[in-house]
Amino acid sequence: MIPERFLNALLLGGLLGVALLADWRDEPFTITLATRATILAIAATGLNLALGLGGLVSLGHAVFFGLGGYAMGILAFHAQTYAPVELGPLAIEGTTSMPLIWVTAIAVSSLAALVIGLLSLRTSGVYFIMITLAFGQMFFYFAVSWSAYGGEDGLSIYVRNGFPGLNTLDPIQFFSLCFVLLCLVLVLWSRLARSPFGLALNAARQVPARVETVGLDPKRLKLAAFVLSGAITGLAGALFADLNRFVSPSMFSWQLSGELIVLVILGGVARLCGPVAGAMLFVALEHWLGGLTEFWHVWLGAILLLIVLFAKGGLVGLLSGRPASHD
Amino acid sequence: MNKLVCAAAALALTVTVAEAATKVGMITTLSGGGAGLGIDVRDGFMLAIKQSGRDDIEVVIEDDQQKPDIAVQLSDKMIQSEKVDVLTGIIWSNLAMAVVPAATGQGVFYLSPNAGPSQLAGAGCSPLYFNVAWQNDNLHEAAGAWANQTGYQNSFILAPNYPAGKDALTGYKRMYEGGLAGELYTELGQTDYAAEIAQIRASGADSVFFFLPGGMGISFLKQYADSGVDLPVIGPAFSFDQGILQAVGAAALGVVNTSQWSKDIDNETNKAFVETFQAEYGRLPSLYASQGFDTANLLISALDKAEPADKEAFQAALEEADFSSTRGDFEFGPNHHPIQDIYAREVIQEGDVFTNKIIGVALEDHADAYAADCKM
Amino acid sequence: MTEPILETRGLTKRFGALVASDGVSIDLRPGEIHAVIGPNGAGKSTLIGQICGTVIPDEGSVHFQGHDVTDETVAARAGRGLGRTFQVSALAMEDTVLQNTLLGALSASSSPWRLWRSVLNDRDLVARADAALGRVGLSDRRATRCADLSHGQRRQLEVAVALTLSPRAFVMDEPMAGLGAEGSKALTAFLDGLRDKAPILLVEHDMDAVFALADRISVLAEGRILATGTVAEIRADPEVRTAYLGEDA
Amino acid sequence: MSAVLVIEQVLNGLQAGVMLFLMAAGLTLIFGVMGLINLAHGSLYMVGAFAAAAVSAATGSFLLGLVSALAAAALAGAVVEMLVIRRLYASDHLDQVLATFALILIFSEGTRWLYGSFPLYLDIPAWLSGPTRLPGGILYPTYRLALIAVGLVVALGLWVLIERTRLGIRIRAGENDREMIAALGVDISRLYTLIFALGAALAGLAGALVGAIQSVQVGMGEPVLILAFVVIVIGGIGSIRGAFVGALLVGLTDTLGGIFLPELFKFFTDPATAQSVGASLASMSIYILMSLVLIWRPTGLFGARA
C-alpha cells in the first residue's frame, strides 16, 4: 500500500512525465491526451469540491463546463470577426487572450452556479440530482437552438488563444499551462478542505442539524461550495474549448455531467488527487480500448461496474489501502 | 493552376512514388446511434481501395463516437502522430466544422464523404478541402425543384430545430415556387410527431416536405402512414436510405425522395459497385456507401497523377475528378463541391426488400448556392 | 425573582388532529436546572423543536434574553447563545473528536468563511476546543474518529461542542439516554457544576438524574403542562402521580 | 387554431403521458421500495423494443412480440438485479448512478453487437392500423387510442396490485420499513427481484408499444429515461399516483408546448423568429416545469415531506 501523499506525487509526476517523455520522443498526440486528462482533472476537481466535500451530487456540472467553453468560444469568435459582443447598451470587444477569457469563464460560471445553486439547494438527495440535471438540459437545448453561435454545429476557433510569453499552439507549452493550473486548483482544494470553511462544509454534509445548532447555515456553506465548484469547472471548460479549438452544445450534455461524476468516483470521492487519477484512467481507457475494439463501451462499462462494486474509495482508495473515507 | 505546372509536378514525383506510401486517416462514426452511416462510408471506401489492388495506400480508421471533441482529438492524432496526408470520413456537419478548418490549416487534404456545411462551401472554403458528396442544401433544393415539376402549390415543411434543419428548409424554399401551408421546427431527437401530423392535417396543405435524419425520420414516416393523412410526401434521401428503409417498411412506399445516387443509376461503375458491395458485405449498398466508394476512387485517381506532398499538383489532380463515379457524370465546381445531377426516387418494394427507383431528374448539373462567396 | 433567560408563551403546535403542544408556557431562569419530564408522546421533542427553531409553532412565542426569537432560524438562535445537545448524537462521525469540537469553536470565535488558512493552525480556535474537551474529560481522545467513540463518550462530546459556543442557556435533549449507571452519575455531577455557567433546560427520562439535578420540574402530558414546581412539590402532586408516575392517588 | 386540432393535441399529450407512465411507474416503484436510482431503466425499454421487433419479424405476430418484450425485459431485469443491482441497495446514490450508468454502456453496445447498427423494423398490426373517426369528426390513429387504453389499464392494474393484493401489502410495507417486512418472514431479496422484474417488464412493454410507431434503435431508451426521471421527480419519488399525474403533466406540456408556444410568440414577433424561439422554449418547457415544481415543492407533488 502506498501512502496517499506519496501516491498524489506519483500521479502528478506520472502525468507530467508522460507529457515530457512524449515531447522528447516527438509524439504530440500523447501530449494532447495528457492535456485532455489534465483539463478533465481540473473540471472533476471542481466537481469534487461540491460532491466530495459538500456531498452535492450534481448531474448538471456540464452547465459550467459548457459556459466556460462558450465564454471562450464567443469571445474568440468576436475577436475573429472583429465585431464586439453586443449586450444591450454594452459592447464588449472580443479577445484572444487566455487570462481575460479565463476571468470571464470563471465569472460567468460562478454567477450561473449561484443562481442554479440557490434554486437547487431548496431540494436534497435525488431531487437535487434531478433538478441539476434539468438545468443542464435547459442549457443544452438553449445552446442547440442558439443559431447566432452555431447552434448544434458549434463554433470553431481557428487559432488557439494566446497567453503572454507562451506559444500555446506548441502542445507541450499548452500542456504546461494546463498542468500549472491543475496544480493551483489542487492546492486551492486542499487548503479549502483543511480550512475552517472546509471543516464546516464537511460537517454540513454529514450532520446539517449540528451545523445549524452551532449557529451556521448549512445551505449557505453548500451554496458557497457549489459556486466555487462551478467556477473551477468553468475554467476547465474554457481550457477544454481551447484544447479542441471548438465549442458545441455537447459540452452541456448530461452525458458529460455523468462523465465528470464517473471521473470523481473512479479516482476516489473527496480525495485530493482522486479526480486526477480518474481522469488519467478514463482518458487512457478511452484511448486504449477504443483502439482495440469498436465495442469498447462494453468493456468501459464492465470496468466501471467492477470499480463501483469492488473498489470502494476509487483508484486512490484502492492504491492507498484506505477504504472510502465516506460514502 | 495550369496544366504545365501540373504535368511537371507529376513528372518530378514519379521518381519518388515507388516507395512512398500514402497515409489516409478516416475519422468516422462507428459506435453509438449514428454508427450505421459511418460503417457504410467506411465499407464503401475500403471496397474501392481493395478493388484498386493498391498496397501503397494505408488507411487508419478511428471512431469519433459522433462527438466533436473526440473528432478534433483524433484529427490532431492523425495529423501530428500518424502524419497522414489525407483525412476523410466525417459524417456530421458539426464534426466537420470542428475538424476541417484546423486540418486544412495544417496543410492536410480533406475529402468529405458526407457532410457539406455551407460555411465550407462559401467564405470558409479551402483549396485543400474537397466535398465528394453534396453541399448540405443540394438535396433539399432538388426536393423544392421536384415539387415545382410535380405542381405542388401549398407545401407544409418541417425540420429539426438546429442549423442543418434550418438549412434544409432554406434549401427547399430556394427552389420551391409555391406557397407554404406551414413551417415547423421540431425538437432535435424528437421521437413522437403526432402533434406535428395533426397540424399538417389541419393546415390544408397539398404536400409535405420534411428533413428528419436517422431515427427521427423513421418515427415520422411510420406515424404519418398510420395517421390517415394521405398528402404526398417528399424529402431528401437521408430518411430513405437503404440502411434505414427496412426499419420504416411499408410506411415509406411511394414516398418521393431526392438523391444524387441510386442503386439503379444506369452505368457500368454503379452496376459493378452494387454487385461487389453486396457480395462483399451481404447487404445492399446505401447512399453513404456510394459516397465512401466515390471518395476512395477520387483519391486513387489523384494518387495516380500526383503525390499529396506536392500540394499544388495533388490539388490539381483532385480538381480534375478523373474517376468513374457511381453517379455517372461528376465534376467539381470552383469551390471544390460537386456539380451533379440530382434525381427524384420513389420507394418501392422488391420482394422482401424496400428500395428506391429513379423516377426523374430533379436538378441537372446542379451546383451549390455558396460558390460565389468562395475566394481561394 | 430574576428575569428569565428563556421563556415560551402559549406555544401551540398541531399535526393534523394531534395537538403536540397545547399552550405551553415555560421559563428558564439564571443559574437553575429546569427539567421537563413526561411520558413518550407527551410532546417533549416538539417543545424542544419549537424552542430551538426546527419546528414552527402555530401559536405562541419564544423569547430568549428578552428578544422574541419566534421567527428566527436555528442558526440565529444559536448565534444568540442557545446551546443544544441532541438526543441521538448529531456528530460528524467521520471526523475526529477535535474536528467536531472545532466546529463549535469556529462559529463562536471567528468566521467560517476563511478559506485558506488551515483550521489546525488557528491557535485560539484549537485552545478553545481543547478547553471544552478538557472540561468534559475527553482530552485524551481528541484525535479519535468520532465513529470509534463509545456511546457515553459521544454524549460527552455533544456537551463539549455545546460548551465551545459559551452559550447563555443550554437545551439538552435526554443527555443520559443510553448511558450506564456509572456514566449517568459522572454526567450528573458534571451538569451540576455547569448550572452556574449557564442555566439548563433538561429534558430527561432518567428520574434519578432529574431528582438529583433539577431546581424545578415541569411535567408535560398530551401537549400540556400538568404542573411546574420544585422536586418536592412535583413528587407530592396527585395529578402528576396519576398521569405520569402511573400510581394511584 | 380549431377545436378539433386542440382536442387531437390533447389526445396526443395523453398518449405520450400514459406511455411515459409505464416507464415512470417501474422507476418510481424501484426507488420507493429499494431506494435505488436506476439509470439503466431506459436500457430495459430498449430490450423490450428489440425483443418485440425480433420476435414479430420471426413469427409475424405483433402480440407474440409484445409477450416476448415483457418476458425479455423482465428476465433481463431479474438477471441484472441478481448480478449487480442487489449489491447496490446499501450503497449511496452516487455509486448507484455510476453503476447503472455503466450498465447503460454495456446494454447499448451489447445490443449493437448483437443486432448491428441499423434500426430494426417493428410495425403496428394490421388490425390496429389506420385512423378511427371519433365523435365530432376527429380522425385519430387507432393504434394511439389503443396505447391510451393499454396505459390506463396498466395504471389501474398497478393500483389494484398495490392496494388490493398480498404482494401490494408487502410492497407498501417494504417502502415503509424494511426490517418489519423481514420480520414478517417475507424473503426480502426475492421480493426485490420480483419488483425489479415487474418494473423492467413495464419498461419493456412501453418500449415495444412505442417501438411500433417509432424507431427501434440503440440508444432509444436514453431520452425516455430522462423524461421518466422528470416525471417521477415532479410526481414525488416513490409515489405511483405522483408518477401518473407527473406523466400526464409532462406528456401534455411537451405536446402542447411544441404547438402553442410558437403560436403564442407570433403575437409578439415575426413568424420566423416566433417559430424558432417558440421551438427552443418548447424543448426546454418540461425542464422548466420540473424546476418550477421543485422550487415550489422540493419533494415533488406527492412526495413525502422531508
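Some points to look at:
For reference, chains read A, B, C and D in written order, and residue numbers begin at 1 within each chain.
Simple rule for what comes next: contacts are C-beta pairs under 8 Å (C-beta built on N, C-alpha and C of every residue); 3 or more make two chains touch, one makes a residue touch a chain.
A quick note: this is a predicted structure, and the numbers were derived from the prediction, not measured.
By number of C-beta pairs in contact, A-D leads when A-D and A-C are compared. Each chain gets a centre from its C-alpha atoms; the one nearest the centre of all protein C-alpha atoms is A. Taking each chain's centre as the mean of its CA atoms, C is the chain most distant from chain D. Each chain gets one centre point, the mean of its Cα atoms, and the points for chain A and chain D are 32 Å apart.
Centroids of chain C and chain D (each the mean of its C-alpha atoms) stand 49 Å apart.
Chain geometry summary: the mean Cα position of chain A and that of chain C are 43 Å apart.
One finds 36 Å separating the Cα centroids of chain A and chain B. Counting partners per residue, chain B has 31, 161, 166, 187-188 as the residues that reach two or more other chains. For chain C, the set of residues that touch two or more other chains is empty. In chain D, the residues that reach two or more other chains under the touch definition are 108-109, 112, 276, 279-280, 283.
Chain pairs recorded as touching, per the definition above, are A-B, A-C, A-D, B-D. Chain B makes touch with chain D in their complex at residues 31-33, 35-36, 39, 161, 166, 183-189, 191-192, 194-196, 198-199, 201-202, 214-216, 218-219, 222-223, 226-228, 243-244, 246-251. Those residues of chain B lying in contact with chain A across their complex are 30-31, 62-63, 67-69, 72-73, 76-77, 80-81, 93-94, 97-98, 101-102, 105, 117, 161-164, 166, 187-188.
Within the complex formed with chain A, the residues of chain C that make contact are 52-54, 73-76, 78-79, 83-84, 86, 90-95, 99-100, 102-104, 106-108, 110-120, 122, 125, 161, 164-165. Touching chain A in their complex are the following residues of chain D: 31, 37, 84, 87-88, 91-95, 97-99, 101-106, 108-110, 112-113, 226, 229-230, 233, 237, 276, 279-280, 283-284, 287-288, 290-291, 294-295, 298-300, 303, 306. By the touch criterion given at the top, residues 51, 57, 59, 119, 122-127, 129-131, 133-135, 137-138, 141-142, 144-147, 254, 258, 261-262, 265, 269, 295-298, 300-305, 308-309, 312, 327 of chain A touch chain D in their complex.
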